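Okay, handing you the structure first.
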Amino acid sequence: MIDIFTTGGTIDKVYFDALSEFQIGPAAIPDMLRENNVHVPHRVTQLMRKDSLELDDADREAIRVAVAASDAARILVTHGTDTMVLTGRVLAGIPGKTIVMTGAMQPASVRASDAEFNVGFALAAVQTLPPGVYIAMNGMIFDPATTVKDRAGQRFVQQ
Amino acid sequence: MIDIFTTGGTIDKVYFDALSEFQIGPAAIPDMLRENNVHVPHRVTQLMRKDSLELDDADREAIRVAVAASDAARILVTHGTDTMVLTGRVLAGIPGKTIVMTGAMQPASVRASDAEFNVGFALAAVQTLPPGVYIAMNGMIFDPATTVKDRAGQRFVQQ
Amino acid sequence: MIDIFTTGGTIDKVYFDALSEFQIGPAAIPDMLRENNVHVPHRVTQLMRKDSLELDDADREAIRVAVAASDAARILVTHGTDTMVLTGRVLAGIPGKTIVMTGAMQPASVRASDAEFNVGFALAAVQTLPPGVYIAMNGMIFDPATTVKDRAGQRFVQQ
Amino acid sequence: MIDIFTTGGTIDKVYFDALSEFQIGPAAIPDMLRENNVHVPHRVTQLMRKDSLELDDADREAIRVAVAASDAARILVTHGTDTMVLTGRVLAGIPGKTIVMTGAMQPASVRASDAEFNVGFALAAVQTLPPGVYIAMNGMIFDPATTVKDRAGQRFVQQ
C-alpha cells in the first residue's frame, strides 16, 4: 500500500473563468493514476490546497503528523515546488518510511505539463528506494538537505 | 549515464495522413525528456522501428548485443508491449546491469497516452533498482520470467 | 436546428491496443461540441464508420438520401478527406439546403489534431452560407466541383 | 486578406513558474493557425496584452482606431470574454467591414481549452458574414448590442 498525500501546489492549479484566474483545484493525481492504468495498491488523501509559498510552520507540522501517522511504509507527497525542500527537511526525522516528494513546474491541466512524468517518476522511486526522504524532480532523485530550487532554470539542483 | 535504446512499438506510433494509417515514427523519448525538463545524464539510440509483434529472434539478439555492449550500468529499453516479456527473458542473462523495459498502451502522440507516465516511472526504476531485468508498466515493477500481458485488461499481470 | 451526419474517416480514428492498430471508433463530435460549450441546437447521427477510401457508390447514395430526407436546412457532414470531394459532388443536386463537409488530417484523439479547429470552422460555415455544398478545410471554404486534395501538402486546393 | 488583431484575454494566458501565476503571454493564434494547416491569407497584429477586465476607454478606442485603419474588409479580434460585448459596441460604428470577435473560457495552453474551436468558428464567420460586428462564441453568432456573458453558465446569451 502506498499512501499518497496531496497538499496543493502548481500541479493542481486549474483555470476558473468566473474568477479570471488559476486556483488550486481538486487533486489531479486520482484521475492521472486511473487514466494511466496504474494498478499498484494506493490511497489518496488531500491534506490541504495551498500554493507552497503560503505554507507555514503549522502546515508543515500537519503534513509531518499525517505522514508519521500513516500505517504505510511508502509515502508519496505532492507539493508546490517553491518550498518542497523546506517541507522535506521537516519530514526528515520520520523513521522507517520511504517518503518521496514531487510536484510540477506546469499544472497538470496544461498541455505542456511535467506532472504526469513527475508522478510516474516519483511512484517508481517510492517503491524502490530505502527509508528516507527524497525529492523526485527533473528525472532525478535529490536529498532535501542539500538541494535548492533554481527558479530561473526551472529545476532542482544538488548543492 | 543511462543508456536508452528504442525499438519501436505502440509508444512511437504516429498518424500519417498520406498513408491513411499509423506507423512507427521517430522515437518519442528525446522530445519527451526535453519537454519534461529531465536533467539526468542519458543518451538515446534507436535500434529499430518495429511493432513488437514483428520482432523475430534476430531482432531480440540484436537488442541483447546492444545492451551487453553498452558501457552503461543502467539501461532503459522502450519496446512494444505485446512481446516485451519475451525480449525481457532474452536480456535476462546479461550480468551487472540494471535493465528496465517500458512502453505504452496508447501512442505518445495520442492525448490519452500513458507514455509520459510510463517513461517517467521507468526512468526512476532504472536509477534505483539493483542489477537485473525488469518490466516497468502500470505503475508496477515486474519480473519478465513470471509476467504476462493481459490484452483484454490492457495491463501486465504477475503469474 | 443543425443536422450533423458522421460517416467515419480519420477524424474518428482511435488506437485499439488489443488490435495493435487504429480503427474508426465512435463519432468524436458529440464530446467535442459538449467540451467546447457549444449551445447551438443540433443533433448528431452516425451514418457509417468507414475510411473514406472504402466508401462505394452505395455508401454515397446512402449519405445523399439521409441528407435529402433531413427536415433541417443546415447540414454538417464529417467525412474522410480522401474522397470528400467525390461525396460532395454527389450531394450537389440537393436543393434548398446548406451542406458543409469537414474532416481532419489527424484524428481527434491525437494531440496535434486539426479536428476541433475544423469542426468549429465548419459549424460557423453551415450557419452562415447560402444553400449549396461546401468543403470547409484548412480555414477555407471550397466548392467540391473544382477542388482536389493535395495529399503531399496535406491540404485542399482550388483548381 | 483577413486582419487579425489580438488584445490579450484568457485565450493567451500561460503559466509562469517563476511568478507562480498565469499571465497573458504571446498571442496563441499564429501557432494555432500554422498547426491547423490554415491556408487562408491573413496577418496577425498584437495590439495589447490585457485581461479584458483591465481594458479602459482608451484601450477600446485604440482597438477601434486599429480596426478602422485596416485596409482589410474582414477583421478578426481575439479578446477577453468579460468585456467583449463592450468593445463590440465600440466597434459597431465602423462601416464596410465584417468584424468578428472571439476568445476563450479556458486558455489555449490548457488541455480542455475551447480556444481552437472558437478561433476556427470565428475564422469561418469572418469570411462569410456581411459587414457588421459579431461575437462568435459557444458555436453561435451574437450581436453585441443585445448580448451578455453569463459567467456562471460560461456562455454568452442573447437577451
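We call the chains A, B, C and D, going by the order they appear; numbering starts again at 1 in every chain.
The working rule: a contact is a pair of C-beta atoms (placed from the backbone, for glycine too) under 8 Å apart; a residue touches a chain by one contact, two chains touch by 3 or more.
Not measured: the values here are computed from a predicted model.
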Considering only mean CA positions as chain centres, point out the chain farthest from chain C.
A
Based only on mean CA positions, could you tell me how far chain A sits from chain D in angstrom?
37
Cα-centroid distance, chain A relative to chain C, in whole angstrom
44
Which parts of chain D, given as residue numbers and ranges, touch two or more other chains?
105, 111-112, 154
Which chains are in touch, pair by pair?
A-B, A-D, B-C, C-D
Along chain A, where are the residues that touch chain D in the complex?
10, 13, 15, 17-18, 20-22, 51, 53, 80-82, 105-107, 109-112, 151-152, 154
Can you tell me which positions in chain D touch chain C when the two form their complex?
32-33, 35-40, 105, 112, 114, 116-125, 127-129, 136, 138-141, 154-155
